[in-house]
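Presented sequentially are two complexes of chain A, the first with chain B as partner and the second with chain C.
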Partner chain A sequence: MIWQQLQSLAGSYPLALRGLGMTVVLSLISLVLGTLIGFGLGILRTGGNRLISGVIGAWVDLIRGTPFLVQIFLIFFILPELGIELDAFSAGIIALTNLAACFICEIVVAGIRSVPTGQVEAALASGLSRWQRMRQVVLPQAMRIVLPPLVGQYVLLIKDSSVVSAIGLTDLTRVGWLVVQRVPNGLLVFFLIGLGYFIVCYPLILLARRLEQRIGAAHGEVQI
Partner chain B sequence: MLENFSFRTIVEYLPLFGQGLVTTVWLSVLAFAGALAVGIVLAAMNQQRGRLFRIPAKAYIDAVRATPLLAQLYFLYFGLPRLGIILPELVVGILALSLNSGAYVAEIIRAGILSIPHGQVEAGVASGMTYVQRMRLVILPQAFKVTIPPLLGQAIVLVKDSALLSLIAVAELTRAGQLLASDRFMPAEGFITIAAFYLLLYYGLKGLAALSGRWLGLAGAQT
Partner chain C sequence: MTNPSKGRTGMIEFRGVNKWFGPLNVLKDITLSVEPSEVVVVCGPSGSGKSTLIRCINGLETIRDGDLVVDGQRLGDPATNMMRLRTEIGFVFQSFNLYPHKTALENVTLAPIHVRKIPRAEAEKAGRELLAKVGLADKVNAYPAQLSGGQQQRVAIARCLGMRPKIMLFDEPTSALDPEMISEVLDVMVAVAEEGMTMMVVTHEMGFARKVAQRMVFMDAGAIVESGTPEEFFSHPKTDRSRAFLSKILRH
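So, the complex of A and B:
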């Protein structure tokens, strides 16, 4: 019986590859877009304009305060009512990008605030423009703080992409759900699905840990 | 636009939303208690010198952190019956949330213990305290304080994650929204309402986290 199941699973191998491809494509697109938008939002939020930073802060709170599943449903079912036609793929990309941007915005804000004000004042005194101050003085120093949680956020993003299976996108998790209907061995099927995610996510987790340790070492903390 | 937005339907369905909210709250409370138990056991295993305990604990934590909760939920939901364990969906859901959050709780506790300066441990050793005494009298009381705000942060994550249980037909808050969306074809009413309820829970827990931070005298406590 196990033998038959394994044979049946081997037959699902192209489907699994497609699912993994979908997961990687979804994560990669929203990761790149989310990082760009997140940095933009973070810089705007620390820019000193109260109205802009208030609006961004409220939006980030809305997104952080609601489950991602609910956000996907809202985007997938409500945007069409507003006259914006969406397929499941675009809805997934929009939802994931928005989520990533909001969390990355928070990370960037924390990074920028960690840069001592003396640095900004020194740059100001040197006659650097606002853009130059950000690009040449603040961001390079903020990156040290930003990098480890940023990589951690990418792991969360890849994992969260599994939730888009709820609107019918055939990603890795959805493949597991489809296969388990034919091969009734949930332990084996979802062990393999989990393995697929593990292979993608674990190196990133190790990278985040490494970056964190490097910062700890730079601060002269002792690793116990 | 949403000119047909029907508040009347929302009011009509309020009892359903109320039940869903109550279910979400108490299942989250149970799951969080479970997560604390799992986390404490894992953290204790992780503190041991012997590899016999440390390696399984580390492997478990890494496996949970590197895979999505939804896949873990399906693993239990489709996998447990295979082992002859038939449980109601709600129990499977609480179990999945506990096992998942437990790994993160273990990491929070570990960070809390690591935050205690090593001199404290050495002082304990010099005073002739045993391992258990050092843990109980010196390290844990101090570590406890540091872990409260991130634990509340994890509680927030858990409440939001519990929405996934709607996908295995647990009658919680998100399920209530789905029912309204499919019964009356009113996704806007259904999902905006539950989003509002989740925000309520979010701000409640966030307020609690800020309060606990101030109460414990931690500067810049954030979740």
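So, the complex of A and C:
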């Protein structure tokens, strides 16, 4: 019987590949956008404008404090009520990008705050502008703190992308739900689905670990 | 040296300056004028406000009332471009504050390239010369973590000189150093002073003060208690507080 199931599973190979492709594309786009926006938000959050900083802080707290499934439902089912029609893919990208940006914002803020005040004062004293201080002095040093948790966050976000299956996107998780209807062996099917995620995430886990070791060993001569 | 169009103002002019940290009056009615090329050494017990005093000059601290005029520009005046004024003022920190991710040369050339917009090749040539001048020609490509405290502080001084400032401020530049490294930093500072730089130096290095200072300023509890030539100050301190302070630091 298991042999029949495996054969049947082998037939679902193209579907699984498409699902994996969807998961990878969705994650990649959201992580790139989320990283850019997250860095922007993090820099603004530490920028000294209390209103901007407060608004960003409240938004980040709101997103961190609510389930991703609820967020994605709000974007996909509630926004159309307000006249904003989104297809499932766009809704998924928006939800995941927003989530990524909020988590990455927090990581970037922690990194920026870890740079000693003396560094900013030295940059200030030599007449560097705000952006020059950020670009030349603060961010390169913050990156040493930011990089390992950032890559770790990518792993979490790739796994969180499975939630988009709830709005009908055929990602890896939804492929699992489709296949299990034909091949009634949930353990086997979702073991393989899990393996798919693991194959995508494991290199990132290794990368995060290497970065952490490298930074632990560095004495200021590492340029990131 | 004074620019006649600016009247008889000094390079640095404090007039009735007050500053508070919360309820604490950390600078009390400071009035002080530093002439171009003058070297003023500020001393006093810890917490007397001497670091705060010089940090006000380049706007690392803001004052609450009174006037502070630096190089003819009034601080806090909307017409004063603080960023531009800072390029004329070098500041040497107690803890060096070199950029740890940049080499000695990059530390020196960063502001000249990005703020003064000097072409990289030219800035690097000048940077190498400055590092040679402070005795670190062989450490051009070293990172701060590979340098001793004394070497780091000399790079920090070269970093300031790279901007060709009109004023140099030193905030306890030798306090974080091992004793055997103090003189290498002081030698560089003496050389800078002898080139005619306007300097304000917070330090307890009385040997340095005797050698180059035109004036000693003694502070206590946020106020300038005494000010005069090093000669007067060391041999005939006028107040009990300065006598008590001198007896403590000169005993060793």
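Please note the rule applied: the second predicted complex is superposed on the first by the 217 of 224 C-alpha atoms of A that agree within 3 Å, B and C clash if a C-alpha of one lies under 4 Å from a C-alpha of the other, contacts with A are read in each partner's own complex, and residues count from 1 in each chain.
Throughout what follows, a residue touches a chain if its C-beta (ideal position, glycine included) is under 8 Å from a C-beta of that chain, and two chains touch if they have at least 3 such contacts.
These numbers come from a predicted model, not from an experiment.
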Of the two partner chains, chain B (first) and chain C (second), which one does A:A10 touch, if any: first, second, both, or neither?
-> neither
Which of the two partners, first being chain B and second being chain C, lies in contact with A:E121: first, second, both, or neither?
-> second
Chain touching more of chain A, residue-wise (chain B, chain C) = B
Counting only touches as set out at the top, which of chain B and chain C does A:I2 meet: first, second, both, neither?
-> neither
Partner chain(s) touched by A:P140 [first = chain B, second = chain C, both, neither] = second
Partner chain in contact with A:K159 - chain B first, chain C second, else both or neither | first
Have a look at where A:V180 lands relative to chain B and chain C in the superposition and call it first, second, both or neither.
-> first
Considering only the touch criterion stated at the top, classify A:I205 as touching first (chain B), second (chain C), both, or neither.
-> first
Doubly contacted residues of chain A, that is, touched by chain B and again by chain C = 222
Spell out the residues on chain A that touch chain B in their complex, using ranges where they run on.
-> 62, 64-71, 73-74, 77-78, 81-83, 155, 158-163, 165-166, 172-173, 176-177, 180, 184-187, 189-191, 193-194, 197-198, 201-202, 205, 222, 224
Mind pulling up the chain A residues that touch chain C in the complex?
-> 116, 118-119, 121-129, 132, 136-137, 140-141, 219-223
Partner chain A, residues of chain C touching it in the complex = 58, 60, 83-84, 86-87, 89-91, 93, 95, 97-101, 110-111, 114-115, 143-146, 159-160, 163
Contact residues on chain B for chain A in the complex?
-> 1-2, 62-63, 65-72, 74-75, 77-83, 114, 118, 160-164, 166-167, 174, 177-178, 181, 187-188, 191-192, 194-195, 198-199, 202-203, 206
